[in-house]
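What follows is a single structure, written as structure tokens, with notes after it.
Order of writing sets the labels: A, B, C, D, E and F. Residues in every chain begin at 1.
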Amino acid sequence: MSDRAFPQPQDAAAIPRYAGLPTFMRLPMLTDPTQVDIALVGVPFDGGTTNRAGARHGPREMRNASAFMRKIHHVTGVAPYDRARVADLGDSPVNPIDLMDSLRLITEFFDGLKQGGCIPITAGGDHLISLPILRALAADGPVGMIHFDAHSDTNDRYFGDNLYTHGTPFRRAVEEGLLDPKRVVQIGIRGSIYDPSDLDFARAAGFRVIFIEEFIKRTAEDIIAEARDIVGAGRTYVSFDVDSIDPAQAPGTGTPEIGGFSTFEAQRMVRGLAGLDIIGADVVEVSPPFDVSNMTSLLGATLMFELLCVIAAGIKG
Amino acid sequence: MSDRAFPQPQDAAAIPRYAGLPTFMRLPMLTDPTQVDIALVGVPFDGGTTNRAGARHGPREMRNASAFMRKIHHVTGVAPYDRARVADLGDSPVNPIDLMDSLRLITEFFDGLKQGGCIPITAGGDHLISLPILRALAADGPVGMIHFDAHSDTNDRYFGDNLYTHGTPFRRAVEEGLLDPKRVVQIGIRGSIYDPSDLDFARAAGFRVIFIEEFIKRTAEDIIAEARDIVGAGRTYVSFDVDSIDPAQAPGTGTPEIGGFSTFEAQRMVRGLAGLDIIGADVVEVSPPFDVSNMTSLLGATLMFELLCVIAAGIKG
Amino acid sequence: MSDRAFPQPQDAAAIPRYAGLPTFMRLPMLTDPTQVDIALVGVPFDGGTTNRAGARHGPREMRNASAFMRKIHHVTGVAPYDRARVADLGDSPVNPIDLMDSLRLITEFFDGLKQGGCIPITAGGDHLISLPILRALAADGPVGMIHFDAHSDTNDRYFGDNLYTHGTPFRRAVEEGLLDPKRVVQIGIRGSIYDPSDLDFARAAGFRVIFIEEFIKRTAEDIIAEARDIVGAGRTYVSFDVDSIDPAQAPGTGTPEIGGFSTFEAQRMVRGLAGLDIIGADVVEVSPPFDVSNMTSLLGATLMFELLCVIAAGIKG
Amino acid sequence: MSDRAFPQPQDAAAIPRYAGLPTFMRLPMLTDPTQVDIALVGVPFDGGTTNRAGARHGPREMRNASAFMRKIHHVTGVAPYDRARVADLGDSPVNPIDLMDSLRLITEFFDGLKQGGCIPITAGGDHLISLPILRALAADGPVGMIHFDAHSDTNDRYFGDNLYTHGTPFRRAVEEGLLDPKRVVQIGIRGSIYDPSDLDFARAAGFRVIFIEEFIKRTAEDIIAEARDIVGAGRTYVSFDVDSIDPAQAPGTGTPEIGGFSTFEAQRMVRGLAGLDIIGADVVEVSPPFDVSNMTSLLGATLMFELLCVIAAGIKG
Amino acid sequence: MSDRAFPQPQDAAAIPRYAGLPTFMRLPMLTDPTQVDIALVGVPFDGGTTNRAGARHGPREMRNASAFMRKIHHVTGVAPYDRARVADLGDSPVNPIDLMDSLRLITEFFDGLKQGGCIPITAGGDHLISLPILRALAADGPVGMIHFDAHSDTNDRYFGDNLYTHGTPFRRAVEEGLLDPKRVVQIGIRGSIYDPSDLDFARAAGFRVIFIEEFIKRTAEDIIAEARDIVGAGRTYVSFDVDSIDPAQAPGTGTPEIGGFSTFEAQRMVRGLAGLDIIGADVVEVSPPFDVSNMTSLLGATLMFELLCVIAAGIKG
Amino acid sequence: MSDRAFPQPQDAAAIPRYAGLPTFMRLPMLTDPTQVDIALVGVPFDGGTTNRAGARHGPREMRNASAFMRKIHHVTGVAPYDRARVADLGDSPVNPIDLMDSLRLITEFFDGLKQGGCIPITAGGDHLISLPILRALAADGPVGMIHFDAHSDTNDRYFGDNLYTHGTPFRRAVEEGLLDPKRVVQIGIRGSIYDPSDLDFARAAGFRVIFIEEFIKRTAEDIIAEARDIVGAGRTYVSFDVDSIDPAQAPGTGTPEIGGFSTFEAQRMVRGLAGLDIIGADVVEVSPPFDVSNMTSLLGATLMFELLCVIAAGIKG
């Protein structure tokens, strides 16, 4: 590790945090994935949204809010920029008026990151983007997943025959052999449903579905311990939909459901992922047009920093 | 029940949830109360407000937000539209510049619903509207009440000699024989008071007043179990003032008091009402001009759906 | 005309304007186009948007704002609901995740209106919706068009090979024989361009393009007189993109360009259309998530009322 | 005048303009009307509002915004605090839940000011407040009025038999002998109407009604010259409804109508009132809950300052 | 105490709470500190802010929001205005463009209050203002402090050599002998840090630092019991930075950190301070330009009321 | 010029305009001023603000909004990126808590740009930043200035003895020999003043002060023709304070004054500067915390593009 450059955030005591260019965490913007261990990237696409759009603006506003992040985790003491080479690798190309083309472009972009040998932490975009990301990252075989969400996102079709929406990515991912359903856990599920069978696919496939009603009776630490058991030592993807969190703390999202877990519980759960073999992670469904005082963007950026510290701690220097 | 029509919400997979006309829960708008078991209605009146008005806009925005509701309760499995005939029966006539005339119009409207044989779930409006509703629904004799609120709403007079404001409805209801005070429980009371005697009426009358300080030491389930004991098997009205909930989760209200219970506690308490003899319910004091990102309207609409599922479960098909 | 029912708006002196269901102009919601002369409809689709989405919410918010409209035009004295049968005919079906399917659904919906014999006034939606509307209304042969916009919307392709976006509808309409380019006038064009050839298509086709720089030197009355000459007595479509208006008066739109004409100039121009053979009209690109104090929705609803009065005046009773 | 105290605004170079207590123009708060020549007061009442309320918050926010006002008029050079004794005399008592009681309280308050010998400049409140103000100020006989508004406010009744709303004050004022209709001019009238006869009362009574369509063809200076002719040398009241101004410049109001005159035209018209015998003035219908960035409150406060300079210039030192 | 005047808030049943002048708690504005036991004051200064400014507007908006406070504490029954002479003593002079001059002016102002014999409860302003306040109040010797905050505020320098920012006040206060570090407790600390040594000063000096991670495992009552032990019977200052609270409940602040304690926990902790020898208190970092629906101002005003009740209870009548 | 690289904006048909990193105009970010002819830079400093701060956030939000700009001017046909090497050169270092240090840092930064041979177009920041910019750019001798503003900004001192605020830069600039007062024109001046002598310095020095009252009687073209005469062929600085524009079109500013000129007049005036010897330009006082729907940031970014086209047109290729 000695002869590699470790990118560092801009110094906030020289350039104020509200100034300069809003890259993720105020890190340098690089283009070559071989120069980094962890890539912070955006996927500004919300074409899979069936209700209120706006998550296409997530990457820009999470970059803005990430300027609030400092350099070291106050609990674990992890200094991610000393342990790993981390940089902003920009946004995936997308096509705002062509869903299928966007899926292709996103997979290509993440395939490039994977070939470059870096682990991506992604700012979405709506939840459909997890599918093309998994197509790249899980191309070699199914992975496990820890999935925070108010919704299972395993519906079959919408509006007739449409297979690809932000309500279907994980059904497709199972069908395409990208996810090992026995190693999938969904945390925070709640809200009224369309049909009694809505959750049948997830259960039949073998997902562990933890409803908020169960969550509230246990602790965040307890939940995450079970999740660790489920995904085990294998390769694991982490997908964080901010609508899993209570809408008072995450108002800027397209499909809010009241009664979610708290940001602090979210932080503690993410911290509990340390030591897992995380091959990538995303924070999705931050929709700035519906946000207030940039609260949800700040939340998204903080979760990206928490994920970064967990993943960086696992990098072998 | 076999030959009656069961109105169904618009299909969200055909007409997107943000489209079409925003009736409550995307149900048909009907005018004949004899065709429904449960009537979803609005009372767009805030003339009883002594501080910040705006609850007159509550029905429209709760209708808008109710488009987020799907068809089946994810915990109880209740499918309200299969068990009961439910429809939007529109707004009660009101007179925005004449309080006494409005009280008369509202009572007439709810008397019509009662004569039609349906149970109303009402979107307010300020809390004064519960009085004319009770005048209709409790015309045959006093009822019990489960009342969620930051305030007792049992003051005597305001601004000299005014008997009718959103701070006085339940004192009037007791005086008029509409409420059986021994069967009334108030949950979530808090906030500074004008006078040491402010709560004397409620206590003297026999209300059970549960302050937030007591609430926080117990669980929502425990609180609601006590409430069930208090109201017993008799006819019971449910009145939900959204200012009972913490202002961070319910900012769109006229008289916020910090330190309330959570939306999730509210949901669990409403779910705990199953099996009671509920003759009507309201969700009041949603004030859209002070709301942010429609958070409080969504909360109000979700509570209406929770109430609907509880009441529908009790309908004998 | 004697034996046909003339739908009337709800009486605002009985039901306050903020109450009741927000149909267009508080008119009845009907489903049979043969019962109306003029149909007020929505197309809640913004899948053609290349930048900031949100116009899918335009129909709902323009309906809300249309409650401010009263019954008679204060300048012309036209009483549209006495001269024509006008009603809200709901929203066109759309598919938020499938652009090509949406184009098909929209054309079908407007074909139904046309077959029913009514003239549609449409609340968009992004500007791409004008194309499928024209496919229905101009199926019998090319029509003229008076087009208010900051942008010519005659680009060729976006993001590689995509033919259908909100920047291309009128190029497609010419290519498909829906518009007679010699009878097309564009008013209010401005803003930086991608390429010197951006406006070549419009000019080569024969559109009359009136830039804001020319507009400002003339009067609204003068401009519209020329527009009337251009479209003549033939069948004419009116398309009003609210970004033609200055962003201070129409902030709720996806692609604002400073320096537009005023709402009052817009009103006077629309009034100047009286007597033309208008086969349909739309008000598009109202994007409520970017609006402030519902200003742009009010503007859109008012322009729909102005269009309604002009078209109703031409109905032969 | 030599031995009387001339209250002065707080010094902005010592206490920043955003600091200190927000009295009108940062002037001292006094209670004795005999100590001032001009009284700046509030009437925080909107109970006459038939649509969107909120003007009750007008006085507080106009006081806040008035901190932007400095001491001397930049065009006329008038230094109002050197020419007249001016102070904040607080808010009129009102009763938010009792319209008739409020009318009585307001008249009493203004009668006190009149008896004290000062000229009131009032921040409303909805437009109904002009009626009880006139009952005090015009108790000795009818006065003339220059009235800026989008609406004539001369309707007869609302919601059945209600005589007193913000749509009726000037019909009542004529009937009660408070206004001399031949000396009334209304400027800026526009917007759709309920009935062809809506403006019959005003015209029959002899009001001069200047629609926006006429206004736009003339200049502000020309309009105000005619208005001066109409009211002549007699006692005159000035009533400024901010909805006369275009909603883009005055969004914070309850009944916006697009296509109004500009703030700068408003300023020039108010300046043109110099030399008239103004017995009082109001700025009404500023509704902060619907405002954006306090734009309308700033406008209201600036118009109060303009009125103050005009009236102070007429004070005989 | 018998012959001293006890100022009382305006009567909300006569003057509505949204009306009148927004002094703190609607109390009289006085200027002589010898006439009061407890002074409610503002320090409208945010020149020490290194990131997002706006706290200069805190005093005005907390005054506005304090109109929601009534007269008696609902839990303790304390009637502060009967036990102590309380009034609004206005804002400290400040110089928005000169930090060092502002420090001087603030110390002078608080020295005046101290000489007058009253206890100040201060609405900030950014957190730097606690330093000049302590220079006045602790001039006679070091005091203890209970400090609620997400940040320790014990950094050394910023931007080169700048000693005075809102991140440094308590390091300076220790260095200047104003704080007894063994009697200082910090509650709620969290968020990423710049350097592993960021908290070394606080710990080395002897502060008790309670991170949110420890907090969440204990109760508010338990935490405050420990805090009472630490500060003991000696003179104690209370400093409440609203960013200690979760940003969903306190969005209007300059440096939000997700995952804070709740407003209700804050209330209970403040109530737990009863009986301590409190020489002054502040509520800082309320930044209205970033607030939503005045939520944070209401929180700040409520905490001032809670502090007032605690301090008034300790006044010997 | 043949062998120099001409930076180009990101292609909006490949990367959507809301995606990617928000540099000015989506141009590359460079650090070497010798590689560019025109440098787009930010000065994120508002420490000279005497009232409402927030302009420190101007550069970031103007960069965001500049993504709306395309490549070619639609009126003049100027293609700035073909004529000149243009890039984003980042933000000047500033010290948010030390005004004098900031003045030094800003002058250093602009001196670097000047030495590098490029012309800076600057996004402020408050208006004080024009002083340190002029200290760099006019180091060789006084320059002329075309100054758009509601305020003359030639006050002497504030808050006692403070020479440097956003109300004093041009008095200082004259005193320091940076401005040739005979070649200075101020356009749009208005608003109440503190003292009759407020404008004496400007007039005595020889500035041409054009009040809005004069402006409105002439045309933008006529005004700018006079301005050209005044500054002549000599080196000229252009300073655009957005508060010169009407607050309805530029609400996001710290010291709004109603009744300004329009954005379109601003555009036409800037276009009228073609051919002058412009050595630099700034757009200042954009204050995003007070903006609505990013309207003022869009305005600021568009004016930067207009200035860019004018300056690029003068570059000798």
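The working rule: a contact is a pair of C-beta atoms (placed from the backbone, for glycine too) under 8 Å apart; a residue touches a chain by one contact, two chains touch by 3 or more.
According to UniProt, the chain labels map to these proteins: A, B, C, D, E, F = Agmatinase.
None of the values given here were measured: they were computed from a predicted structure.
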So which chains are sitting against chain B and chain E at once? A, D
Number of steps on the shortest touching-chain route linking chain B and chain F: 2
Which chain pair is joined by more contacting C-beta pairs, B-C or D-F? D-F
Measuring centre to centre with C-alpha atoms, which chain is farthest from chain D? A
Per Cα centroids, the chain farthest from chain F: B
What rotation angle superposes the Cα atoms of chain B onto chain D, in degrees to the nearest 5? 180
When chain C touches chain D, do the two copies use mostly the same residue numbers, with over half shared, or different ones? different
What is the distance, in whole Å, between the centres of chain A and chain E, each centre taken as the mean of its C-alpha atoms? 38
In whole angstrom, what separates the CA-based centres of chain A and chain D? 55
Considering chain A alone, which of its residues make contact with at least two other chains? 14, 16, 18, 50-52, 56-57, 96, 158-160, 246, 248, 290, 292
Please give all chain pairs that are in touch with each other. A-B, A-C, A-E, A-F, B-C, B-D, B-E, C-D, C-F, D-E, D-F, E-F
Chain D partner contacts - residues on chain B that touch it in the complex: 46-54, 56-57, 95-99, 101, 158-160, 162, 164-165, 289-290
Interface residues, chain E side, partner chain D - complex: 14-16, 18-23, 29, 42, 44, 56-57, 59-60, 63-64, 88, 90-91, 93-94, 96
Chain D-touching residues of chain C, taken from the complex the two chains share: 12-14, 16-18, 68-75, 77, 79, 246, 248-249, 262-264, 267, 292-293, 295, 298-299, 302, 305
What residues on chain D touch chain C, complex-wise? 50-52, 157-160, 189-196, 211-213, 216, 246-248, 251-252, 255-260, 290-292
